[in-house]
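What follows is a group of structures, each given as C-alpha cells.
Below are two complexes that have subunit A in common, paired first with subunit B and then with subunit C.
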Partner chain A sequence: MTLSFFDQFMSPTYLGIPLMALALTLPWVLYPTPSARWLNNRFLALQGWFINRFTQQLLLPLSLGGHKWAALLTSLMIFLITINMLGLLPYTFTPTTQLSLNLGLAVPLWLATVLIGMRNQPTHALGHLLPEGTPGPLIPVLIIIETISLFIRPLALGVRLTANLTAGHLLIQLIATAAFVLLPLMPVVAILTSTVLVLLTLLEVAVAMIQAYVFVLLLSLYLQENV
Partner chain B sequence: MADRPVPVVEKRLMDVKLGELGSWLGGRDFTPNGIISAVRRGHDRYYNKYINVKKGGIGGVAMLLVGYMAMSYLW
Partner chain C sequence: MESLTIHILLEEFMRFDVLSWRAASFFFTASSLHRASWQKTQQMRESYNNMQILSQHLLFRRISRVSASLVALCRRARRGRDKGALCSKNSTLHPSNMLSRLVIVSASGLKSSGPLGAGLVQASRSLHTSSQSLAPVPPLPEKGGKVRHGIFPEEIFQLLYPKTGVTGPYMLGTGLLLYMLSKEIYVINHETFAAASIGAVIIYGVKKFGPSVAAFADKLNEEKVAKAQEVKDLAMASLAQAIEDEKKEQWRAEGRSMLFDAKRNNVAMLLETNYRERLHMVTNEVKRRLDYQVALQNLHIRMEQEHMVNWVEKSVIGSITPQQEKESIAKCITDLKVLAKATQARATA
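This part shows the complex of A and B:
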C-alpha cells in the first residue's frame, strides 16, 4: 500500500513518450506571444502586467551587471510557477518533484554566479567568505563555515524545491485516501478530514507559488553578491 | 453542385468520404515539418477562436487545462 503512494512520482511513458515531455512543454503553450497589435487580448494584458511587475521587483536590488540576467530569471520564475501549479491538477505529473530537474536547474545557475564573481571581482567575491566584525580567533573557523555554506547552496536550492513539492503532493494523497476510506465508516470524521484536505490544497497552491519565487529570489541574491 | 473535382488529399477531414479515408491519410504530410506545421495550425485555430478575443474569459484556458488533465489520466 505504501509503495503505491509513490507511483505518482514515477514518470509514466506511453508509446515511448514520457508524460514528462508533455508536462515540460505545456508552460510554453500557456503563454502566448504578443502580436504586432497595440491592444492584444485580456489574457496577454494580464500576462504582460504580471511579468513586468515581477521583473521590476526582481531587478530592484541588482546592479547594472545583474540586469543581463533579467530574461533568464523571469522565464525561470514563470516556468517553475506554471509547472508547480499545473501539478496540483489531478492525474498530472509535476516535473519539479524530480531531484534531477531541480539540481539541473540549480547547479549551473549557482555555478554561473560564483564564476562571474570570481572572474570579475575576485577579492570582493572572496571577501564574502568572512562577515564583517568577526572577532580575531573566530576567523579561521568562520571561513571554513562560510565556504561550506557556499558549496551547499546549489544542493539546498534543488532539494528545497523537490522536498516541498513532493511532501505536499504526498500529504494530499494520504489525506484524500484517508477521507475516502473513512466515508462509509465514520462520515463525520470523513467530513473533518475533507475540511483538512481543502485547507491543505489551499496551502499547496500557496507553496507552489512561493517555492518558485524563493528559488528565483535566492538565485538573484547570489547574483547580487557577485556581480 | 459538383463544379470541379477536388483531389482527395486537399479536402478537409469532414468532407472526406469514408471510403476515401485511406487515400486521404496516405497523402497527408507526416514529415517532422508537416507535423509541426499541423500542430501550429491547430494551435492558431484554438487560440484565435477562444483566447485572442476582446472579452475572453476563463473558458479558453480552462478547456485547455481540462484537456491536459484528461490526457494525463489516459497516459
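This part shows the complex of A and C:
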C-alpha cells in the first residue's frame, strides 16, 4: 500500500477502534519491574542505575519542595525517551508527534509550576518578570516582554517537541523516498542519499533523546524558579 | 508431524488476523496459568531440575500442537460461520472437549519448561492469591536464553534440527522472506530504506557498545557484591583478631602467679627495708641518749675535780701566813746568792 508522507502522523485506528491508548501504554511493557532479589540481571541493574543517576542529576539544583516532583519528572523523561526512540522504527506511530499530546503534557505541568510559585511565594515569583539591573525607563516594556515570554513557555515546550520529532520523521521519509526512487535511475546518487539517510537517522536518534531531556529539564527549571 | 504442524501454523499465521490471533493466544495462556498454577506448583518443584532440557523441547512441541489445534478450531469456526453451524461427530475436534484440553496442556507445558516457565511463574506471582503460593518459586536463570544472530532463539534451531538439519531454519527464513516479497505481503518502499538505516544504526550501536555496557552492568553488580563481601571480610577479620587477643590474654593470665610472686617479693623487701631503717633509727636514738648520760657524768666528774683542785689551792694559798712568806722569800734570796757565788767560782776556776 502506498503511504502519503503524512499518514505516519495519523492517529492509529484498527477497524474503527482507536489504538492511541495502546500506543501510549505499551512502552511500559519494555521496562521490567525491579524484583525483590538483591542481585538482578544486567537489564534491571542498568535500568536502576540510570533512573537513580538521572533523578539525582535532575534534582540537584532543586530545593526541597521540588523534590516532590522527582517521580513525575523521571517517569516523564523515561516515557518521552521511549516513545521517541520507538518511533524511529519503521511503520511505527510516534505519539509525541501529535501537538495535542505535547501541549497536554506541557500546559498542565507549566501551569502547575506557575501556580505553585504564585501560591507559596508570590512576590518572588512575580519578581522573575523583571531581570536584575534593568535601567529605569525600560522597566514597563521589559515586564510586558517577560510576561509574554512566561505565557509562551508551554507553547514553546509543546511545539518544540512536536516540531522536532515531526520534522525528523518527515525528513527520514523524504530522504528514504528519494533514495528509493533514485535507486533504479542513478544508483550512485541513491547510495549517496542512503549515506545521508544513515547520518540523518543517527541525528534523529540523538534528537529523540535530547528533545525528551530538554522538555524535562526546562520543566525542572521552571519548577526551580517557582518552588 | 512437526513440520506439518509448523506449516499449518505458518499458513494460518499469514492468513489470519494477526491481532486477534495474538489476543486469543494471550488470553488462553493467562487464564490457564491462573487456573492451573496452584495445582502444578508441587509437581513443578519436584520435576523442575530433571526436566529442564527435555521440557524445552516438549514445550515447543506442545505449543505447536496447541496452536495447531487452536488453528483447526478457528478454521472450523469459520467454516461453521460460512456454512451454518455443523457439529462434527469427531470428538477430538469438538470445541467443548478441546478448550479444556488446551488449557491443561498449555499450562503444564509452559510451567514445566525451563527458563520460560520460571519467568512466567515469577511474572504471574501477583495472580497467585492462595496460600499455596507461599511456597518457594523456582529461581530465574542467570543469563538470558541463547539467541542466534541476535534475535532468533536457539530453541528453534534445536527444534528443527532432527527433521531438517543445520540449514533447516535458514531455508525456512529465506522461504518466508521470499514468500512475503513475492506475494507482496511485504512491499518494498521508502520505509524499507528507513528500516535498513535504523537497523544499521542499531546493529552498529549494539556491536560497538554492547560489551562495554554489559561489562558496566556486571561491574554494578560486582560492586554491590564487593561491598557486602567487604563487610563480611571485615567482620571475620575483627572476629579472628578478637580470638587472637583472647588467646594472648589467656597466656598472660598464666604468668599471673609469677607476677604476684614478684610483687610479693617487692613488698617483702620494702617491709624489710623499712624495718631495718626503723631499727637503725631506734639504735641511734638510744645511743644518743646514753651518750648524753655519759657526757653528763663526765662533766660531773670534771667539775668535781676542778672544784676540788680550786678548793685545795685556795686553802693552801690561804694557809700561807705572811711570816712564812717572808721567810721563804729570804731563804730564796740566800739560796740564790750561794748559787751565784758557786757559779762565779766555777766560772773563774
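Going forward, the second predicted complex is superposed on the first by the 221 of 227 C-alpha atoms of A that agree within 3 Å, B and C clash if a C-alpha of one lies under 4 Å from a C-alpha of the other, contacts with A are read in each partner's own complex, and residues count from 1 in each chain.
Criterion: a residue touches a chain if its C-beta (ideal position, glycine included) is under 8 Å from a C-beta of that chain, and two chains touch if they have at least 3 such contacts.
All values derive from a computational prediction rather than experimental measurement.
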> Who does A:L30 touch here: subunit B (first), subunit C (second), both, or neither?
Replying inline: first
> What is the contact status of A:T177 with respect to subunit B (first) and subunit C (second): first, second, both, or neither?
Replying inline: second
> Which one hits more subunit A residues, subunit B or subunit C?
Replying inline: C
>> Looking at A:G136 after the superposition, I want to know if it touches subunit B, subunit C, both of them or none. Which is it: first, second, both, neither?
In response: neither
>> Quick check for you: in the superposed arrangement, does A:P90 touch first (subunit B), second (subunit C), both or neither?
In response: both
>> In the overlaid three-chain picture, which partner chain does A:N40 touch, first (subunit B) or second (subunit C), both, or neither?
In response: both
> After superposition on the shared chain, which partner residues are touched by A:L22: those of subunit B (first), subunit C (second), both, or neither?
Replying inline: first
> Touching A:L197, do we find subunit B (first), subunit C (second), both, or neither?
Replying inline: second
> Both subunit B and subunit C contact which residues of subunit A?
Replying inline: 14, 35, 40-43, 89-91
> For subunit A, which residues count as touching subunit C in their complex?
Replying inline: 1-3, 14, 35, 37-43, 45-46, 49, 88-91, 172-173, 176-177, 179-181, 194, 197-198, 200-202, 205
> Contact residues on subunit A for subunit B in the complex?
Replying inline: 12, 14, 19, 22-23, 26, 29-30, 32, 35, 40-43, 86, 89-93
>> Using the touch definition from the top, list the residues of subunit B that touch subunit A in their complex.
In response: 43, 47, 51-56, 60-61, 64-65, 68-69, 71-75
>> Quick check: in the complex, which residue numbers of subunit C touch subunit A?
In response: 19, 122, 140, 142-144, 187-198, 200-201, 213-214, 216-218, 220-221, 224-225
